[in-house]
Amino acid sequence: MSISKRPSPITPTVDFDLDGIQHGHLRLPWSRDESAWGSIMIPICVIRNGEGPTALLTGANHGDEYEGPVALFDLARTLKPEEIKGRVIIVPAMNYPAFQAATRTSPIDKGNLNRSFPGRPDGSVTEKIADYFTRHLLPLADIVLDFHSGGRTLDFLPYAAAHELPDKGQEKACFDGVAAFSAPYSMRMIEIDAVGMYDTTAEEIGKVFVTTELSGGGTISAHTASIAKRGVLNVLKHAGIVSGAPEIEATQWLDMPSSDCFVFSEADGLLEPLKDLGEKVSRGEIIARIHPTGRTGTAPSDYRAALDGVLAARHFPGLIKTGDCLAVVATLTEGP
Amino acid sequence: MSISKRPSPITPTVDFDLDGIQHGHLRLPWSRDESAWGSIMIPICVIRNGEGPTALLTGANHGDEYEGPVALFDLARTLKPEEIKGRVIIVPAMNYPAFQAATRTSPIDKGNLNRSFPGRPDGSVTEKIADYFTRHLLPLADIVLDFHSGGRTLDFLPYAAAHELPDKGQEKACFDGVAAFSAPYSMRMIEIDAVGMYDTTAEEIGKVFVTTELSGGGTISAHTASIAKRGVLNVLKHAGIVSGAPEIEATQWLDMPSSDCFVFSEADGLLEPLKDLGEKVSRGEIIARIHPTGRTGTAPSDYRAALDGVLAARHFPGLIKTGDCLAVVATLTEGP
Amino acid sequence: MSISKRPSPITPTVDFDLDGIQHGHLRLPWSRDESAWGSIMIPICVIRNGEGPTALLTGANHGDEYEGPVALFDLARTLKPEEIKGRVIIVPAMNYPAFQAATRTSPIDKGNLNRSFPGRPDGSVTEKIADYFTRHLLPLADIVLDFHSGGRTLDFLPYAAAHELPDKGQEKACFDGVAAFSAPYSMRMIEIDAVGMYDTTAEEIGKVFVTTELSGGGTISAHTASIAKRGVLNVLKHAGIVSGAPEIEATQWLDMPSSDCFVFSEADGLLEPLKDLGEKVSRGEIIARIHPTGRTGTAPSDYRAALDGVLAARHFPGLIKTGDCLAVVATLTEGP
Amino acid sequence: MSISKRPSPITPTVDFDLDGIQHGHLRLPWSRDESAWGSIMIPICVIRNGEGPTALLTGANHGDEYEGPVALFDLARTLKPEEIKGRVIIVPAMNYPAFQAATRTSPIDKGNLNRSFPGRPDGSVTEKIADYFTRHLLPLADIVLDFHSGGRTLDFLPYAAAHELPDKGQEKACFDGVAAFSAPYSMRMIEIDAVGMYDTTAEEIGKVFVTTELSGGGTISAHTASIAKRGVLNVLKHAGIVSGAPEIEATQWLDMPSSDCFVFSEADGLLEPLKDLGEKVSRGEIIARIHPTGRTGTAPSDYRAALDGVLAARHFPGLIKTGDCLAVVATLTEGP
Amino acid sequence: MSISKRPSPITPTVDFDLDGIQHGHLRLPWSRDESAWGSIMIPICVIRNGEGPTALLTGANHGDEYEGPVALFDLARTLKPEEIKGRVIIVPAMNYPAFQAATRTSPIDKGNLNRSFPGRPDGSVTEKIADYFTRHLLPLADIVLDFHSGGRTLDFLPYAAAHELPDKGQEKACFDGVAAFSAPYSMRMIEIDAVGMYDTTAEEIGKVFVTTELSGGGTISAHTASIAKRGVLNVLKHAGIVSGAPEIEATQWLDMPSSDCFVFSEADGLLEPLKDLGEKVSRGEIIARIHPTGRTGTAPSDYRAALDGVLAARHFPGLIKTGDCLAVVATLTEGP
Amino acid sequence: MSISKRPSPITPTVDFDLDGIQHGHLRLPWSRDESAWGSIMIPICVIRNGEGPTALLTGANHGDEYEGPVALFDLARTLKPEEIKGRVIIVPAMNYPAFQAATRTSPIDKGNLNRSFPGRPDGSVTEKIADYFTRHLLPLADIVLDFHSGGRTLDFLPYAAAHELPDKGQEKACFDGVAAFSAPYSMRMIEIDAVGMYDTTAEEIGKVFVTTELSGGGTISAHTASIAKRGVLNVLKHAGIVSGAPEIEATQWLDMPSSDCFVFSEADGLLEPLKDLGEKVSRGEIIARIHPTGRTGTAPSDYRAALDGVLAARHFPGLIKTGDCLAVVATLTEGP
């Protein structure tokens, strides 16, 4: 894929090569009816202390996922330059317009940032952000940690994850990062559709890439916040940027072996879950029902697991539409 | 308060005096741009078997609360006339337009049904629904069970509840109903503002009234669905409509002794909870932080408990606005 | 019903007592975000030639009905003072904001003008318009002709109509007006809900009131425009304002004997009509089907006539919702 | 035109090669704020009985046109595998999101499906649907019947139609299909702008392509539904898929010889038609007027036919804007 | 007019009787889909130093007027308790939701605060705010200064103003306040429609009430900000709350003798002003033109002054609608 | 940059080669839900009198800028063919949909016309307009005058301007046009981002191009209208199309030497300007403050000039957002 040579319209107000800590913005001009010469100001923090590896840490790739932003706003406020060796680049809310709107996609262009990579400097606002990461931030990084959760419409078991990759050395480095993150669950993922993902863009240029799903529903708990905060520090320790060993707890490895993992709704209605996240399910077992809502007395439709495993993700809102992913069943494994 | 004598525009398609089971609608004419002679059709189920008490069971008084609708659509489909003595009237989604829209209030008139009582036959759509309950359904009932949860923006410990009432006999009957429901928690509530509530309207005409808060966030789990389904059957058994004794489990009684229970946000920002629902908190302890989101490196504001107790409710979305209720701390008690 | 004594905020730019023709406005102040000191300017035409009766002619009581506005804008442009005796007051678009928006109700306050009478001088914009008609225009009139059609969501056989009234002399005068209008069909109407109607307000103060339904769908044809143009001239001739005898054509009298006339949808779906307007139908005959649209191969639901007669009105859009009026069956009669 | 090689994101839940009848969906993943892992489920029916030709039958290419969906939902429910030889593929609502919204274009991306061909697998939702037809469904077909009507803003005489084509053998086969459809009118069309049309895409790969315009206004009548139902069966008989001869009725052939057919509005206002569909018009004759609506007493503007013929199409809503097509005049001919 | 006895739902977080300076909020509960237990937090500042008169200072009664908020946020930040005698209550943005939205009326209920007095404790959000001022804040005040400007759609000469009042002593006190404010212009106003105004409510309970119009257009300049800042200090000095004499500059007194002052548009179009604010105009002189915008070459309509005077106010946006106030011509006078 | 060969969908209703004056439209087909066969009709006027140079005069490139449209609608109505030699092409409102909506960008596609050049014949509506100017109108022109003002969100000193160009002869011709226009100020501009501009497209094909900024705020004054009207006549005289010498008044030349000219907001809040347009400022001087609006008593942030000069432009609305351009400081020079 050829990448346009036109310069990015984004101007950083930080200098990536300075030692110390800087709190600034990525300024993206956004001319609109409400402000002819307005801009989007994406917060960024750069902490540097001499030579060493660079970690690029990101949250709110989807705007309604909160474990990443909480851990990263907190980290940017508390991590001291003298505590690190190398460089940490923190963007707590990548798709900042979506984050401000508390929506998965950008309210400006409905852009799903994680389907907009590698981006375009002359594209939509979301594509311009993707392009800046592709051409300016990813090349600076040795290791990349991108926080996800389920957002307002999905809920996940808390896990860190990496992908199967053609370069097995790179793959191993990624799963080592997952293990270092030390979430309660760890996942080996095969993406159904990896086109346009930040993950893929980073992996294709050889970066060590770790991602997460840490619950969802558009909320955050004290429990999942603490997983995220410990996880990011663990990754920095694993990378040798922060000194000390990662704080490791037991993790359950999971796998998504095929598209049979996914259960899709074939009706509109009221969702009645019969299994909760983390519960074991057997092939053929009913995991949820959908009740028609137009009148009482009509039979619900049943949805069943297609394989043995645990309920790893589920549709979050109480109502569901035809075509929505109702649940994901993952299989239990011993390791990546 | 005088109640208008004008007839309700609502026509039921069921006959409340017939034995057997009927699945029908409350038809409320709604002329609008999209349908000049359209109607709202609120599902209703009436099950009757000879003489006996009448239970009025309702869900989705607020449209984004799901434990009630799931338990009641399920009950209407499975409860047989021969299993009861007396009458059960089930309206699984009182504010049906709000329920269809998955919003707290009605998309038609922004009406909060639980602030619209006693209603008006010539008022807004929501006021017309309230009026029909006030003048036609409540008078039929001996016991009323109205399901609530936190909806999309609040989350609660799962509890059944009743109010302190001037008539102590009525109050005791209500708390007996709460005990029969047998949720994990049971609450004695004093409403800050009881004007316009369904609860108050029912209580003022002497009905036994039981309500609940069974989690929230605009979702439902297998766990909370099972609490709701067991609770409604327990109440019907307690009322003598279904035979057998209620299935009782241990409950923790809670109290909201004053407005000090409520913690309000004084800033817009990103919410970082430090305590989860059900955790014990001490007076003065920090329970959450709000991070400014415009730039990194700025200090969050801290929010503290004003009394000893447990975290009983919390703001659900990851972002919070000035003036939002951030948390409710309830005190532990031995009984109602 | 007591009517507020506060003066109307509406100022006419015409003088109702001047001989000759005046084209002006009813100016209704409307302060809003887009214009702090703005107004709604409702076109009005007054034609007067000495003493004689006054006719008040109105269209677009519902904003998406066009036979009235076409006939009345045309009449106001072509009728000469010297052709009349007495006075003609023409308001081609009563609910002018709705007419401009091509919607049944006002885009400003969602007001259905024909459910807003007698109106309030300090109410919503639509209530202010109703109040001006009630207190200022209706008192000037001897005969009132208010044009209706089905609007965007209903379609009717073309008819003029009047209501059964307690004062049989007034009722006869109204039906004489209907006969003079001379539409292809003539209807004796009993309103299901007459509260808030312009008709009722005019009838209660003793006016001769003629109304119409002249097709619908939010469109107009050359055929129905010619019915409207001939009808209004006929009514003016009948009232002695324009000289000459009404141009009478054959009409079929219809009756709506009970609420069995109305067929309501109990499903959302795709409407397949099996009968067209004006076709005879027998009791029990299927007149339409509703197809579910979520998948192919599911059975449609059938809707049947509840009495013998002709299809007099029908739901217009191709999709239909639960609770919409699907059809009206009227019975054939010999006269009013 | 080069077509992208990237696979379509659409997954069918039917197998096009199985004998018998299948009712399923085309599942198109649609990640959005309301459902992170949601899908659009486009109903599809495949009926197959051994070897033989394949007919591809489609409706709701524009979402507010109903004769096609009614005929095709009905056909999918009633046609038996044993009644055919070969294969029938039925998609009653091609632009399913637009059909659900009752709008011409998709509410998701404002895509006009019939201007989005050949489509793109990585484009907008509407372009993805177009691409699937181009690369997966059209190649399966021998004959294609695509139903159109005027939609909410246009009304047409009921006709089947085909285009003048460079391959005169293909053109004859298409007009033979038009004749077999046997609508009251049959049209030889020259498109003003054929870029992006389904028609053009199908014709360019050599398919026999028949289209229709069967009234409009966003409604459907019993009369036009019966034309559509008879027409589709006639086409299947003509193709040899259903046995028996088409049921032929008299048709009037029409032609649109030049852009003089089209009459455009040059003013905003209230439309007064002076001719109805099917009426003969002479060159220079006034067919409609547009009345200004800001005040009474202003002169309307007149619109005239530019050639002799019949009124074949017209603007449907009662109000009209500058630039809208007010009418189409077609000439009478003896055959295609 | 009787005022409801029900308590206001608003809770202040300041104590009006404490000496010193407090920065707090008026908390108004606002339950809505986005926050079930949310509130509106209206900033308020109370400065008190012993006994003495109370001034109530308000801005953003209309949300898009900025001289008041700038002067009052600045004053609340800079005025020290020790600089005053008595009490100053500052609400820089009365209709706070409108102020946040930069609109004249509230985005919540479209409430125009200055037409919502005396308000209702159980009314809309805007009516609740009005009620709190009527029953809680106005009774505390001796002198009231309410800042206005033209907002986004009007522009005014900068003036302070008071009304003709039945109590001539009160009227004189008000005009003395106007003179003390010392704006470049001073106006004697007769309101066309005083119903629902804050002014009227304050005047009817005998308060000294001073208001302003200080330019407009939804903007603010350094020049008008300085007029506002000097004016409010002058009023506090005049009231004896701040020591020292008001800083007086020359003012031109104006009068609006009748409704002939107002020039209304009778067309939609593009406004071409021929006179600017402050320019002298003569009776009959053209002050502006409105150009039709649908095509070039059409004649504009001319608008003329109906009396001799100066252009005191004008429509601000470049486009204008029928019924908008185009201009106000005021007459020059020697004093109030 | 290659330009697509596909023909423009725009049809002019004028003939550019006829002598005399023609008032017509550029008709751009726009199929949409509200009008299946609708069009956008952009007013255009062509005045021609024999051989001679062609001037292309345009306004409302941004839809909320009014000096251009007023001067050009006025010119098209008053300039006679016999007064010119050559040809004048007038498009008073280039982005006509934006002009009708009173917004900077098009309400149809949010297109900023001045960032959409050279355009695409198969792109969005705004890109189609740009393409028509690029391929059809600009090639006809010898000199181009494109009017701008600040629009609703910016305000400028009134100036004409041209750009530094690689071809110094062309540059001189442009600045000669600026001098001939004779606004109170004249500017030498270096665009920060010239991609997509009409200016750049015209300059790259060698045209003499003059632009303006003539105040702003979404309004127009008598003063700035007279500058625009005199300026356009001056340019026509300078080009030899209208006879006589330009009417020259004194102008102050300005320069924008670097991006230090621009002052950007780094906070949301209430803007308090301390300098007005045209006032001199010194490097380091505070020119404005931004007050936080959530509570009183918080410190505003100060914004300072980065160089010596005059305030040449400013943010217009009273509220400001992070990233908005707050002010532009230009330096005083002796000439271009």
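A, B, C, D, E and F are the chain letters, set down in written order, and residue numbers restart from 1 in every chain.
Rule of thumb we're sticking to: contacts are C-beta pairs under 8 Å (C-beta built on N, C-alpha and C of every residue); 3 or more make two chains touch, one makes a residue touch a chain.
Just so we're on the same page, UniProt names per chain: A, B, C, D, E, F = N-alpha-acetyl-L-2,4-diaminobutyrate deacetylase.
Note that this is a predicted model, so its numbers are computed, not measured.
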Set of chains adjacent to subunit A and to subunit C
B, D
Interchain contact steps from subunit B to subunit D (minimum; 1 if touching)
2
Among the chains here, which has the CA centroid at the largest distance from subunit C's centroid?
A
Shared interface numbers for subunit C and subunit E above half of all numbers used, same, or below, different?
different
Most distant chain from subunit D, judged by the mean position of its C-alpha atoms:
E
Hey, how far is the Cα centre of subunit D from the one of subunit F, in Å?
43
Centre distance in Å when subunit B and subunit F are each reduced to the mean of their C-alpha atoms
58
Quick one: report the Å distance separating subunit A from subunit E, using the average Cα coordinate of each chain.
50
In subunit A, the residues touching two or more other chains are 25, 41, 64, 294, 322
Topology of the chain contact graph, where touching chains are joined (line, ring, star, complete, other)
other
Tell me, which pairs of chains are in touch?
A-B, A-C, A-D, A-F, B-C, B-E, B-F, C-D, C-E, D-E, D-F, E-F
Touching subunit B in the complex: which residues of subunit A?
21, 23-25, 41, 43-45, 64-66, 69-70, 73-74, 76-77, 90, 92-93, 99-100, 102, 155, 217-223, 225, 270-276, 279, 291, 293-300, 316-319
Which of the residues in subunit B end up touching subunit F in this complex?
267-268, 294, 322
Contact footprint of subunit B on subunit E as seen in their complex:
6, 9, 25, 27, 29-41, 122
Flag every residue of subunit B that touches subunit E in the complex, lowest number first.
62, 64, 103-105, 110, 112, 115, 150-154, 193, 195, 262, 264, 266, 315, 321-325
